[in-house]
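The structure under discussion appears below in the form of structure tokens.
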Amino acid sequence: MSRKIRYGMVGGGRGAFIGGVHRIAAAIDQQIELVCGAFSSDPQKSKDSGADFFLPANRCYGSYEEMIKSEAALPEGDRMDFIAIVTPNHVHFPPAKMALEHGFHVLSDKPATFDLSEAKELGALVEKTGLLYGLTHNYTGYPLVKQAREMVLSGALGKIRKVVVEYPQGWLATRIEESGQKQASWRTDPTKSGAAGCVGDIGTHAENLAEYITGLKISELAADLSTFVEGRQLDDDANILLRFDNGAKGVLHCSQISVGEENNLNIRVYGEKGGIEWHQKEPNTMLVKSLDQPMQVYRTANGYLGAAAAAAARTPPSHPEGYLEGFANIYKNFANTIRARLEDREPTAIENDYPKIEDGIRGMAFIEAVVASSKGNAAWTKVG
Amino acid sequence: MSRKIRYGMVGGGRGAFIGGVHRIAAAIDQQIELVCGAFSSDPQKSKDSGADFFLPANRCYGSYEEMIKSEAALPEGDRMDFIAIVTPNHVHFPPAKMALEHGFHVLSDKPATFDLSEAKELGALVEKTGLLYGLTHNYTGYPLVKQAREMVLSGALGKIRKVVVEYPQGWLATRIEESGQKQASWRTDPTKSGAAGCVGDIGTHAENLAEYITGLKISELAADLSTFVEGRQLDDDANILLRFDNGAKGVLHCSQISVGEENNLNIRVYGEKGGIEWHQKEPNTMLVKSLDQPMQVYRTANGYLGAAAAAAARTPPSHPEGYLEGFANIYKNFANTIRARLEDREPTAIENDYPKIEDGIRGMAFIEAVVASSKGNAAWTKVG
Amino acid sequence: MSRKIRYGMVGGGRGAFIGGVHRIAAAIDQQIELVCGAFSSDPQKSKDSGADFFLPANRCYGSYEEMIKSEAALPEGDRMDFIAIVTPNHVHFPPAKMALEHGFHVLSDKPATFDLSEAKELGALVEKTGLLYGLTHNYTGYPLVKQAREMVLSGALGKIRKVVVEYPQGWLATRIEESGQKQASWRTDPTKSGAAGCVGDIGTHAENLAEYITGLKISELAADLSTFVEGRQLDDDANILLRFDNGAKGVLHCSQISVGEENNLNIRVYGEKGGIEWHQKEPNTMLVKSLDQPMQVYRTANGYLGAAAAAAARTPPSHPEGYLEGFANIYKNFANTIRARLEDREPTAIENDYPKIEDGIRGMAFIEAVVASSKGNAAWTKVG
Amino acid sequence: MSRKIRYGMVGGGRGAFIGGVHRIAAAIDQQIELVCGAFSSDPQKSKDSGADFFLPANRCYGSYEEMIKSEAALPEGDRMDFIAIVTPNHVHFPPAKMALEHGFHVLSDKPATFDLSEAKELGALVEKTGLLYGLTHNYTGYPLVKQAREMVLSGALGKIRKVVVEYPQGWLATRIEESGQKQASWRTDPTKSGAAGCVGDIGTHAENLAEYITGLKISELAADLSTFVEGRQLDDDANILLRFDNGAKGVLHCSQISVGEENNLNIRVYGEKGGIEWHQKEPNTMLVKSLDQPMQVYRTANGYLGAAAAAAARTPPSHPEGYLEGFANIYKNFANTIRARLEDREPTAIENDYPKIEDGIRGMAFIEAVVASSKGNAAWTKVG
């Protein structure tokens, strides 16, 4: 099939953060093309934003509704293949739903929706339409995260006993949402962010990472949420005990008031025979531990890695793969799965490896369980 | 006062582990002298063990009772000043009690006693006799741990909000207590170790470290204990939510089944203005974090450190201070406090800085709270 | 100016390595467009390679000569703006020269040419034509390398005294060029690689990094080249003493037989008042050292960094910037400088910050000096 | 043999640095006893210093001559077994010589003597007397340094090709010798330090470490010495190319003006099949590299280590062994070798593993070669 996969973007106008990340992620491999966008609810700003990427004005829309309708009216050879949703959480579900209803695949930023019921509705719609839905839990795109998953699922660590997963940040240690910092404002606003603050924003990444790598499900949890910054409406710190469906135990803690921490997502998994440790801030290193041999240092792009990790790397060892490449792997696999469909073939296992609506539903169930548990003074609460 | 401080050892015969550590810790600074011992309940083994250190046979006793009585009968100029207790947990209290009752100071391995009631009884006896009691929570002897405490107490980090303290080990990931490994055997035996396994052995170190550095008390906790190794009688893994008396929150987890972890005690403390991070495995580095400046790397023995850290170091920067030196700092301060008493003066603040019976009582209260909470399915339980 | 900057690629057909890196680097920011290529000397392979990126067959040429002539014949609105040269070393100069003679800017992989005389000829041609020439010494594109340069040039470290720069690799520790490994084959072939092997391939990166960060020139050097792998025709290891034009001293060593090293480029610079240390394998961390304060850890994308580092980052702190982003910064600045010219304005200092033909001449002079010095048994030899 | 090994100290009075280190190193294992000392040329200061360690006044001498004569006159059961020399370099040879001539073994701080001729004379005397001579190249006492040596000598890395050894410090980056800093004063004074400054003080440690680990000899070198601090009389920085007797190449650089470096001794050794890397500042970690497998992290005191490393550790894994323990291993082995002699048996290989006069002669030959080479503008110069 001799063309790029085409997408339209919802959100991501000038001054936004994650929209730019998505556009880079889509562009890196030169197999995906931005063809239109509803970058802003201000039509002029949407056009200006599109012009930054040389889009024609007539495909820079003032709303996602307009974009979806207009694109649907274009000939098949011209119109977008999927939409990328990069808006705040409360505007994830509506465009996703409408896009699916108009025959477009959807790639959405996380969390999938504003609440669990929306996520379930979306799940039903994905099933009904048969269209593709991807979710940018981007950390699962790192080569060594894929290696970790492959090793755990292959049994190399033995039965999993313990998982420690953390996502500390420090950027909300003071009340910067009062200063007009846009990213802080909507994330701390329950009408835009949802029932949880820190847990929705980054706790879901930690939850998704743990379930992706281990192949296990968190069956129940006991959560202690805190709001340390006075006047803030949502949690900015969470300490959570985990129990997994195979009997493993664990701890998940995330925070936006851990002064000096950047985006320090990290995970340790221990089985009966071995353990792994991975830190996002140095994502090309994974420690592999064993009962009685020296710890090993796995590094991205080496020959000893498995197929999934190999396919996820673009450069030689110690030419670091970064956040954008990991993010791009979600885009690459999602677009390749669309391409497979356009070529009327089954996607390969590697192509089909991207977070889906099921992950989105898990994430929303996790958020709801955490909030409920914390309201019950860290009562054990089932997830989903 | 022109002589070394003299001690007798209870336990620590040939083949023991922690006794040798205590003897090195006492010897390093050449201010403390081993003059007698009840190294073993087998009198011949006690004599043989003492001979390894050139002790005269008549001061190598077959029991601590014999040692305490015999030494008490010696002239003041000859007899020991204190006893060092290095036996398994169930033999901490009896010699400590007897020594105090016979006028000897006590330096004991941790945890202080077998259970909380013993610890309280010991506390009362220490108060009544006016004698000195020290406890080898040795990790508080590291120079940078002292620096951390000084910085937190000075307010450099602002009000403390979050504490994460961990002590993962992997050496009990399989049932090695069945193979006759002596250290494993008594630690997994509830008649010798007490109500908790992993939590008593290393969880108390984590608890003590957190309270030492922050100057806060854990007011309540919610604990999820596990025994992953089949047939084992005590916990080998613990995940615990913490609440501190100033409103701070935290997580403490410790484990002896975390495959590949050595003695990876570490702590992170976050306040309103800053954070610190310290890892025992590289104890001469402490990370200091702030709201908007680059992270700083504090290193042992540099001129920018405070008085307590300075006094605790014996070598120049990057000539690493190790575990034995940290341990020795407990001995040094304890012995110097005895010396101050012999010299009829007040000990300095630095001399007086060693864990005391109050820390021992806290540790036993922590163990009891953890066990009770876990029995209540991680119910919130007050400490002490 | 409402279009992307356009380029044609020389080399980089299917199976090549660095061509793909260049294409990603060009694509990331969505401001540069691949419009044509002479990807291979096999016309069909060139077309197939171009088809992978959806190029029309008529702009996939069988030779760079054909490409340059054909593109020059296209209307200004259609033809390429610059060529990207991604061939082995011996095919750097000819297309660069021809492109300049036909009015195209040039962005070339390093080293600039096969030997110094070619580089000087190219320098003269660049001057004569007034066209732009960029060289992908990509490591200077990392945000913290730019920060290092800014700090050194600002005098924050005081007068520079010592530089240690290393580039160890291990991939040529055995004679893999015999096995048909394409990357190894031409790099170890003096007819393709030039007078040096390891020194030309990676030593020049080290030299360029040292001169970029310090703003100094290596005035003379004493080099001891080795060929450890039997039968290999070029050096695979180099140890070099450096003297800089301000009196600073240094060491540069690079190697392709340092077993287990990946692309471990790193540099340490010491001045009278401070020092910096940077490692490519963890490129988002830079250590900043001072006379009597704790070492600081600078991290990419934080607010305390200077303008050049800020402009070079695309993601928040600890969302790692990788090799491709650093590479892309060379493309971005080069393309923005072309754009400035098209817009008839001066480029900003940040736009103008990319390696130029002067760097290329330095690199070739370095290679020749190293080879000459080593032939003279590490005799001191002037550079350039 | 039922007594401790006895020693007398030359130097190390109040206010000295390395004397205290030696005393701790001797004391740690409780097998060695300080029985006398000539701590200072001021008899009263010598007595006061001895009193700090509870020595009787009549064995605190005012000179090493007095000490050696007086001790020699004591009955065999009372007198010292060996002397420990902890004075500045120019006072190493005279007491060593005299002690040997009076039948005492000698343990000396490094470098062995003031110049090479003295070292050779000492070598002859050691041979003639048959007495023991040890040298505190203490870094060879670290467990993982012993492991490195064992692995290299066993052939695990294959034939050695390259060695990089560094010892950067920053404490002499300014002219602190002018401020009366005692350690700086004598080290920068050619009448006390010898022909070299930085190279004699720490370069010899690097040289010794490289030869100890590899079992190779540096056959020739090319050295570029610098004195960066104005007015200083000796080198404060050295960059040196190395060639080894098996054909391996290398780099040794040491510095006392590398701002911010502490005692950052480190080494990397690469062979045909593998490599090792070790850093003194984190001495319990050694990286082991191989052609195509993940790097391994060896850690002190694990079961997978060899006999020499096992014998050199006193605590479990991640209970860090520090500088003093490494130093103590020199004392332990030296004293055990004396004990073997007293017991009329051969020392074991492990007991016999400490630096000897041959190492001292190598060190002095190294210094002389470095100085000569540098005077010849980094001319290749043979070592020894």
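Letters A, B, C and D mark the chains in the order given here, with residues in each chain numbered from 1 onward.
Please note the rule applied: contacts are C-beta pairs under 8 Å (C-beta built on N, C-alpha and C of every residue); 3 or more make two chains touch, one makes a residue touch a chain.
In UniProt terms, the chains line up like this: A, B, C, D = Putative dehydrogenase.
Predicted model, so just to flag it, every value in this text is computed and none were measured.
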Touch-network distance, subunit A (Putative dehydrogenase) to subunit C (Putative dehydrogenase), counted in steps: 1
Repeated interface matching A-C, over half of the contact pairs identical, chosen among B-C, B-D or C-D: B-D
Between subunit A (Putative dehydrogenase) and subunit D (Putative dehydrogenase), centroid-to-centroid distance (C-alpha), Å: 55
Distance between the centres, which are taken as Cα means, of subunit D (Putative dehydrogenase) and subunit B (Putative dehydrogenase), whole angstrom: 34
Centre-of-Cα separation between subunit B (Putative dehydrogenase) and subunit A (Putative dehydrogenase), whole angstrom: 44
Subunit A (Putative dehydrogenase) residues counted as touching two or more neighbouring chains: 261, 287, 295, 299, 302
Chain-level touch network, classified as line, ring, star, complete or other: complete
Residues on subunit A (Putative dehydrogenase) engaged by subunit C (Putative dehydrogenase) in the complex (per definition of touch): 2-4, 17, 20-21, 23-24, 27-30, 34, 51, 53-54, 261-264, 280-284, 299, 302, 314-325
Touching residues (chain side subunit C (Putative dehydrogenase), partner subunit D (Putative dehydrogenase)) in the complex: 157, 161-162, 164, 166, 170, 173-174, 222, 224, 226, 228, 237, 239, 241-243, 249-251, 253, 255, 257-261, 268, 270-275, 287, 289-291, 295, 377-378, 380
Residues of subunit A (Putative dehydrogenase) defined as touching subunit D (Putative dehydrogenase) within the complex: 287-288, 292-299, 302-304
